[in-house]
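Two complexes, one shared chain (chain A), two partners (chain B, chain C).
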Partner chain A sequence: MATRSEPKAWVKKLGGVELTLVCLALLMALVLACTLAQVKLGTELAMNAVMRTFIIWWRPEGWSFSLPVFPGGGLVGGVMLANLLARLSYLERSRRKAGIWLVHAGLVVLFAGEFASALLQVESHMPIEEGQTRDYAESFRLMELAAVDAGDPAFDDARLIPESRLKKAKELRDASLPFTLKVHAYHDNAELTMRRPGDPPSPATAGMGTNLVFRPVAPVTVDDQANTAVALVEPVAPDDRSYGVFLLSNALGAPQGFLHEGRPWRLSLRPRRYYLPFSLTLKDFRHDLYPGTDIPKNFSSLVRLKDPASGEDRDVLIYMNTPLRHGGLTFYQASFGKEDTLSVLQVVRNPGWTLPYLACALTALGLLWHFGVMLGRAVKESRA
Partner chain B sequence: MKPRSVAPAVFVLGLLAALLPLRPAPAGDYDADAFGRLPVLEGGRVKPLDSFGRNALLMMRSKQSVPVDGRRFTASRWLLDALFKPEAADTYKTFVVDDPEVLGLLGLEPGKERYFAYWQLEPKRAELRAQAAQAEKLEAPRRSRFQTAAVNLDRRLTLYERLKNTVQIAGTDDAAVELALLGSVVPAALRAVHGGGTSERDRRAVRVLAELLSRFRFLADAAVFKAVPPRAGEPVDAWRSNGEALLKPQRTDLHPAVTAFALMGRSYRKADPAGFDAALREYQAWLEKERPAFARSAEAEVLFNRAAPFVTGMALYVIGLLLIFASWARPRAAGLPAAASGLLWAAFVVHTAGLFARVVLQGRPPVTNLYSSAVFVGWVAAFAGLLAERLHRRGFAAAGAAAVGFCTLLVAHHLTGSGDTMEMMRAVLDSNFWLATHVITITIGYGGTFLAGLLGLVWVARRHFAPRRDPADEKALSSLAYGVVCFSLLFSFIGTMLGGIWADQSWGRFWGWDPKENGALLIVLWNALILHARWAGLARERGVMVLVVLGNVVTAWSWFGVNMLGVGLHSYGFMDKAFWWLSGFAASQLLAAALGLLPPRFWTERRNA
Partner chain C sequence: MPARNGKIPLVKAALPLFLILLASCREEPIVRVKSPKETPVAAAAGTAPAAVRGPRWKTPKGWKERGADGMRAATLLPPGGGVEVTVIALPGDVGGELANVNRWRGQIGLPPLEEAGLAEARQTLRSRLGDVSLYEFTGGGTVKTRLAAGVLRLGDTTWFFKLMGPDAPASAARPAFIELLKGLHGDAL
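== the complex of A and B ==
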């Protein structure tokens, strides 16, 4: 048995089982709070408010600032990680404790994995119709303004302005844009309706927005609902000539345009795109049912993967519990639409995705080892 | 009898008792049992008519049979009337209606009766439909109690109305005549359509055929199950309802199933048992020749339905539990523990047989839905308890085993009301590998946590109510509970992690803080907390026992509670009624935990003081 010098007092305190118990109890409270909060907030917001934060903030009705009310998942997890590491630093290194060692080392990896995915994981999706080819995924919530020079049909030259800039800036100047974009308003969610006779005039003065009115509403957070974002944008030429105020929304399908120095420009507000260095073509989407019922049996998408970098060009079948992993991304069969001709793939980038697998193996092995040793001893004692 | 031979003798007696439901039933006029063994396709799987009938009755009246004129009609017997003589079935008390407002809507007096016949509800049928249609515009959680009840009754009535029009249109006196008519008009109608025949007879044939086809289309739309199996050589899934088989015949001759059902219906309406049996036998012979596999599996399932192993198991567990209590009250009666042990092992064997039969019939690992999870949790806890009893022969673990076995089978029994318990698995769940690994391990974890909790309850009860306190007993209980907590932590941790891996494979994230995942995590954390508190010396015997009792609340929450929230990717079964049961259970456990914290027999001591 390896003997080691007595650990420092603070290390011993940090690795103490009392701290472990406090953390376990706090974590249980957080897990319960996170579960209950989902009824109102939806999974993603509840997770961000309770788990993926260091402090849980609470803002009483009418207050302009929030109060810290409880340690968040990040803090409790961090303390637990420190507690684990401190404990491991002076845990007895022996055969008898080998199981305990494995369990707690596995937990360290598990925590690291959860921190990694909280920080690095990016989720998006890719709606793709049969026969279509896509080389980008779209964000669920974030929007972007695309200004496209449609003069050259072969080259769709898009200048992209993310939602965050639209919200902050009143005027957008960009070296790549030959005009200025004045942002009159931006709303995360709104109700868009056709303007009826008698309605006040639309704030838009150009494009199809002149026939529309909108009313801002609170953004939705429930997982299966989408926001209708609205932006009022006015392109202004360098000589201060206005092209009119355009009403842009992700709910409007067709882009709206104007002519600037003889070149047609198209504006649209659309879900933020993440371009990929490869492309997927949907060849076939299948939605199988159990005979004589509407109960889905399987969803699958047959796609053609083309990656110029690696020279790959092959068919891949993405179906339940069998995603495609390529280029650091994972594609899952998530949803479908348009009478089974549209498939929606969930696209996840998580560089730490292997960590939980390692953690599970370590911890499970450790638990089996330790409880196996204990059970053996108990059986021996009861025989004796 | 010598004490040594008591246990085996009681064991054998218990098994014999389990075989009792399989004794041949008294033969009626019609061979309803054989009729119940006919296979049909419903809910995506091939099942016997008997299973369909039992599930339909469970949905409509929460029982598997109907009382008719002082006799008890089996599901198959009731189906004969519902399918062939609906005017008779309409008078049977088939629908349970509890909601006073719905009863008021139907013009029925609340509080007097719970069960009603279709004819009693029919006069206000249109109004109920209108109310239900109104309520269906709202999402289920937003409906009022009345609206929920109205939608529920409307669905049950619709099921019954469609059932009556599944093999023949309700009120058809002789479907065989219709089939003969079809055979006679088709050639003439074809002549007329192809321009060959222009005689008045041919044109009339076209009209008759159009009329017949519209009737068949109605039948095809209404059917709740498909009774016409694919012939040999056709794809296995190509079942058709009677209406579909007539609308789109695959061959020129009529399908034997269509003919058989028409003949059975005619004979049944004419009160001709011999003719009914002849048609039934002929169809059975055809099935035996062309689709023996369907006939086999349907027969096996009927056997399982009749044996009802979980009901027998429940009874055996509860008798075993009472024997253990008796042995604690009369410690000198040496035969009692042995008898209890024999009976509990018999109960466990019956439970196992039932579990195994479901696995074989369904072709799936044992846990596929909330119902089967209850059966499996009980099985695990009973098995672990009976094994632990062999380490410490004091009856505690056996009592825990019996109580969890009984309670979980009771819970399962009350979860059957939503229909087929062997329903098909929705797409993402259609993975035997993950069902066999993640779901099984996590369910074993639930079972273990409940068993530990029960040991805690036994400890609390003995501390306050046992005639004589025995510290050795209490210590034995606590070390048993500790072992079971270790076992539960192992399984619930591995199960939760496997769940994460499954989620990573199917949704793209290992952990999403989804309610069901959180529920499983709570159990892991709770068990870890108990073990760390014990290792730290902060919780000793009493502390651990109180903590394991509270573990019951944690487990019940993550097993059932999260399903009631109705959010997240895992919410497959939503229940309202169970909420009150769950709250009551949690309250009782908190009370038991509080009792555990109080000094033993505190009330007697105060009285003495």
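== the complex of A and C ==
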């Protein structure tokens, strides 16, 4: 057995079981709060507000600032991680305690995995119709302004401007853009209607937006509702010629255009796209029912995966609990529509996805080891 | 500087955290992506979509035609690239003639016209379905842009045929476009 000096008092306190119990109680309260918050906020926002934050903030009605009201999941998880590491620093290093070491190490990996997910995981989705090929996934909430040079008959040359830039900037200039984009307004959510006689003039002076009016409303966050984002954008040539103010919205299907230096440009506001270095073609979507009922038995998507980089060209069947993992992404069967001709795949990029599996393996191994040690001791004692 | 007493100086310990915070505050970049055009749903050439009863036309020799796509009833592509003709049908007068003309002028960076200037800008072509109002404008810039738009009112629907592109190829495609407008006809023909 390795001899170790007595740990300092604060280390002992930090690694104490009392702190573990306090953290576990706080985590239970957070899980309950997060579950209740999902009703009003939706899954993603509730997770961000309660679990993936260090402090839970609350803004009383009419106040201009928020108050810290409770430790968030990040803080409780961080303290628990420190608690585990402090405990490990003075835990006896011996074969007898190796199982306990492994269990603690498994928990440390589990917490590290959750921090990695919170920081690095990106979730999106890919709605894809039968016969359609897609090489991008779309964000659930984030938008982007696409300014596309559509002059090439075979390719679209797009400049993608993230929502965060539209919200901050009054003027967008970039080396890749041959004109300036003036951003007159950006709203996360709005009610869009056709302009009726007597309505004030539309703020748009070009494109289909001249016949539309909008009213900003509070953004929605619950899972089954979508925001109608609106942007008022004015392309201006370097010689100060304006192409008019365009009203762009993800609710307007077709892009709107103008001609700059003889090339057609298309503007659209759309869900943010995450382009992939490979493509999926939906060959068949199946929605099987139990005979004589409307109860779903199985949802599955038969897709053709084509990856020019790896040379892969194969069929893959994606169904419940059997996702496709490729290129650091995981594609889950998530939803469907259009009379079973449209499949929606949830796309998750999580560099830390293996950590929970490693954590479970370490913990299971540790428990087995410790059980073996205890069993051996019990057998020995019974013989003595 | 080596750490004293084996302890890491606070500044050094905080450096990675500072760098992470700095990286997270950075503005998201504008990204450039080149991707193959998405293929629209195919439709029969020389006709508007089945849901909209409208004019028929003869696609000029050497031109390609793509079917309905979003708001467009058809897209015609003259040879050589860079120029396209769009066909759009909308209910009513879509805000009036002046508003539409000024919308097109805005698309090529020209200032709006006053009501008085509208008649001067208008040419009239005869087709078998009635008069087609034709407007032609050339925009500024290093490469001049040409726009020619034909407007045909059929019942409660207004049909817009619009040719746009760089001046040289658009001017080359213009005669065939004018012939297309003059040759507009109905189902009976």
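In this section, the second predicted complex is superposed on the first by the 350 of 384 C-alpha atoms of A that agree within 3 Å, B and C clash if a C-alpha of one lies under 4 Å from a C-alpha of the other, contacts with A are read in each partner's own complex, and residues count from 1 in each chain.
The rule is short, and it goes like this: contacts are C-beta pairs under 8 Å (C-beta built on N, C-alpha and C of every residue); 3 or more make two chains touch, one makes a residue touch a chain.
None of the values given here were measured: they were computed from a predicted structure.
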Message = Looking at A:Ala206 after the superposition, I want to know if it touches chain B, chain C, both of them or none. Which is it: first, second, both, neither?
response = second
Request  = Could you tell me if A:Val303 is touching chain B, chain C, both of them or neither one (first, second, both, neither)?
outcome  = neither
Query = When the two structures are overlaid on chain A, which partner does A:Gly257 contact: first (chain B), second (chain C), both, or neither?
reply = second
Message = Quick one: is A:Glu18 in contact with chain B, with chain C, with both, or with neither? Answer first, second, both or neither.
response = first
Inquiry  = If we overlay the two complexes on their shared chain A, which of chain B and chain C does A:Ala105 touch? Say first, second, both or neither.
reply    = neither
Ask   = Between chain B (first) and chain C (second), which does A:Thr43 come into contact with in this model arrangement: first, second, both, or neither?
value = first
Chain A: partner with more touched residues, chain B or chain C = B
Ask   = For chain B, which residues count as touching chain A in their complex?
value = 41-45, 225-226, 237-239, 391-392, 423-424, 426-428, 430-431, 434, 479, 483, 486-487, 489-490, 493-494, 497-498, 500-502, 504-515, 518-519, 521-522, 525-526, 528-529, 532-533, 535-536, 538, 562, 565-568
Task = Spell out the part of chain A that touches chain C in their complex, as residue ranges.
result = 135-136, 150-162, 164-165, 168, 172, 174, 176-177, 205-208, 210-211, 237, 239, 241-244, 253-254, 257-264, 273, 275
Ask   = Where on chain C does chain A make contact in their complex?
value = 27-28, 30-38, 69-72, 77, 81-82, 84, 94-95, 99, 103, 106-110, 139-145, 147, 164-167
Query = Which part of chain A faces chain B closely enough to touch in the complex?
reply = 17-18, 20-21, 24-25, 27-28, 31-32, 34-36, 38-39, 42-43, 46-47, 50-51, 113-114, 117, 121, 123, 289-293, 295-299, 320-323, 330, 332, 334, 346-348, 350, 353, 356-357, 359-360, 363-364, 367-368, 371, 374-375, 378-379, 382
